[in-house]
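First the structure, then my questions, so here it is.
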């Protein structure tokens, strides 16, 4: 009896792993394919320049002191400047903004070569670089679904075509 | 022979064990922690109550929701705020998702520690993605949710959330059976883990083990049952414990806790009450103190907060479960025979997370 | 006061108690005199059944010029948390080690020693645990520690 | 004139040269090592729900192995302080050579074998294959590293404890075939492979040979989670690449022996094209199937502990191999006709 249980405990795992070996992998080929993020994803933070009233609440709320209020010549009040090297994307600044001037989108590809390039001046902050120009190889956006106990991937063409 | 096992080692983590061995027998085992010490207790003294939610999550990136819950509840207790029931249920759901995330990772790590090299680990990580997707839908991010704030939660449940969660849970229950058949009932894994690193009940209690380590030795204690918080009082779930006290029992406790967590999420999402999801908490909380216990994936975390009426806490003391478990690990060779090959198995059956041991 | 644990504490530890209050459901805070710490700890473990020391730490009351040493105890039979406090002066802070009573005090007392500079007497192995072995920057969790004066590389 | 002489010599020994250089000699072994590395990566990746190498080379990342090889050759070879530099750099190469020798005794067809060995090729195989652990032991010892020394000690334990049951199990086959020659052993399996009459020996040999080639669940000497990389911890650059080949060359030779002893070697149910080519086809097919089965173990099973392995080999495998040997000997002595029924001598 114990021999049968032993053999079962050897052979069954082997069969399960073999089934996995011939099933479809879960890998997403990232620079070409990308997961579709849900609404309200907390990614890169951008600024609606005209809505900002320069109250500085975002700067005071930021837990990592990533937001600094800077003066801009020709403007009446100061604007937030975000250091994405410090930002932890908690988006408390977005929540706390009384005018809805700050908002976050689903871009997470922020890597740069120089550390100083991560400091986004209000102008840069209010002109967010579109995803298409960051990920030039991106062909598909993917959503993962479950059908009949298996994972399936719905491949969408580029996002805007689908929307 | 004295071996420095870590921190540059395939499976040691940010952590070192100084092993004194005689051949393959381990004579003494000295954990050396502190590689990830960031002084979070000090950082929290310099953050307002709202800002504190970000650093406190860095205690354990695998189980952010539960650690944050301890902090948020301490603030609420001092400020004497009643959290609306809807927020309590949302918190419970996210905490259990966080617990499943952490336990899945732990199951993968014990598989990897036994040398069942990465297959189980990558399966669990792949399935974790689904729970991260669910959490992303709710909170807007995948790991560091920063979702609980004093007074409630930051967002209401989005539309379609319930269907998505139930779908993921259905799928996950099937996967749990796969794990059981391919790993927990794998005879070679049983031979590697059974009787290895036995922790007797009396030692587990007196040395201060926490969480699944304590329950794996047969001590029936779970903060969720002992001192129910949030919505756990209304929900029906079993307290999991095993008698054997070895590495297999500890792994099994985690596995069965995942099964219970699935039940909790199911029940919570069906019975979620209507109403507000957040109430206002003033910036300044009154002078006072609170000691809050929350059951994280690694055991009970105790957060002692002392306030002095300003916008920042005066002192936050975090009693982390991993530190307690690492002390038990350091005493392990005294009452249990260990070989060099058993060290990774025992270590990851304790599932310490060095980030919250170091704080 | 209907809490039986509190009644027992008041009866058994009568002369060494400075302060006794309830923090919440099954959570009790007790302050004892610094001289009676070892004795009180022994009584708490042996007579009151507080068999687990989950953690220990300190609070720096710089205005009152005291350190408050806090031990977090737990009873596996009564399922009660007890926060045991001792006030010691801020100059030359010393305290007796509770390692012989609760073995798990080991790590926490070492942490207390390196973070607050509290000399734990009778501890078997008082070495650094969290900070680097060559640390010489003072005691980080004291209120007068200058946390801005760290490494310039991190001050970006 | 000299060239004529050389050409004449080559003409005379053309078959031997092809055997040594191309098949089943150096080129075959190297191609196997490269292909097996690539295949293992892809195969295990799929078992882990990953894709594995993807971009290098258009089809399934096949150039990745070449890229890795170039990377390894380009890396700095670090020799630790206080080691014997000459031996430290020589031993990896030596270990590859000695472990590759064993392929010379494997018949790929009745007339396609590098060295027939005067009818004792089975014994010669064991003699050649058991040189490897000594060199591996020295490799670990000479690195002057604690993990390497533990790995080296584990090598000596595991190899010796596994080689004895493997040898005893193979002796059962030799008795049954009535010869130590691997060609005779293959010919004796013309009607039925020894897998069935020698089922006990088959199981013993299979487990013992997994331990010999350091495959999961017996990869104890290089246990990554316990002792970093065992005896090869200190090797870097191309030396590391050479020690990595040590994973695959014994796998090649021992799997070939396993196929020859128990699965009917180069014989197959069908003969097409020419006799030799179909022989090649059958042995390579069986060989590939065994490799495919063995490689997946790495995703399925945890590694056994040292004491468990020793208990398994000494307490169960060796007595079982003896039992098998005795039963075979008794049958061979008293009922030699039984072997005739199944086609053996």
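Annotations for the structure displayed:
A, B, C and D label the chains in the order they appear, each numbered from 1.
Here, a contact is a pair of C-beta atoms (placed from the backbone, for glycine too) under 8 Å apart; a residue touches a chain by one contact, two chains touch by 3 or more.
Quantities reported herein were computed from a predicted structural model and do not represent experimental measurements.
Of all chains present, the one whose mean CA position sits nearest the global mean of protein CA atoms is B. Among the remaining chains, the Cα-based centre furthest from that of chain B is the centre of D. Chain B and chain D, compared by their mean Cα positions, are separated by 45 Å. Each chain gets one centre point, the mean of its Cα atoms, and the points for chain B and chain C are 25 Å apart. Separation between the centroids of chain C and chain D, computed from CA atoms only, is 62 Å. One simple way to say how far apart two chains are is to compare their mean CA positions; for chain A and chain D this gives 49 Å.
Annotation for chain D: residues 47-50, 299-301 touch two or more other chains. Under the contact definition stated at the top, the residues of chain B that touch 2 or more other chains are 119, 123, 126, 182, 186, 188. Under the contact definition stated at the top, the residues of chain A that touch 2 or more other chains are 10, 13, 17, 20, 26.
By the touch rule above, chain B contacts chain C in their complex via residues 33-34, 37, 39, 41-42, 46, 77, 205-208, 210, 219, 221, 226-227, 289-291, 293, 300, 302, 304, 306, 314-315, 317, 319, 323-324, 326-327, 331, 358-359. Residues 43, 45-51, 54, 296-297, 299-301 of chain D are the ones touching chain A in the complex. The touching residues of chain B, counted against chain D in their complex, run 1, 3, 9-11, 23-24, 111-119, 121-123, 126, 182, 186, 188-189, 191-192, 339-344. Contact residues of chain B toward chain A in the complex are 47, 50-55, 119, 123, 126, 129-130, 133, 136-137, 139-141, 144, 146, 154-155, 158, 167-168, 170-171, 174, 178, 181-183, 185-188, 190.
Only residues 5-6, 9-10, 12-13, 16-17, 20, 26, 37-42, 61-64, 88-92, 95, 104, 144, 146, 149, 151 of chain A touch chain B when the two sit together in their complex.
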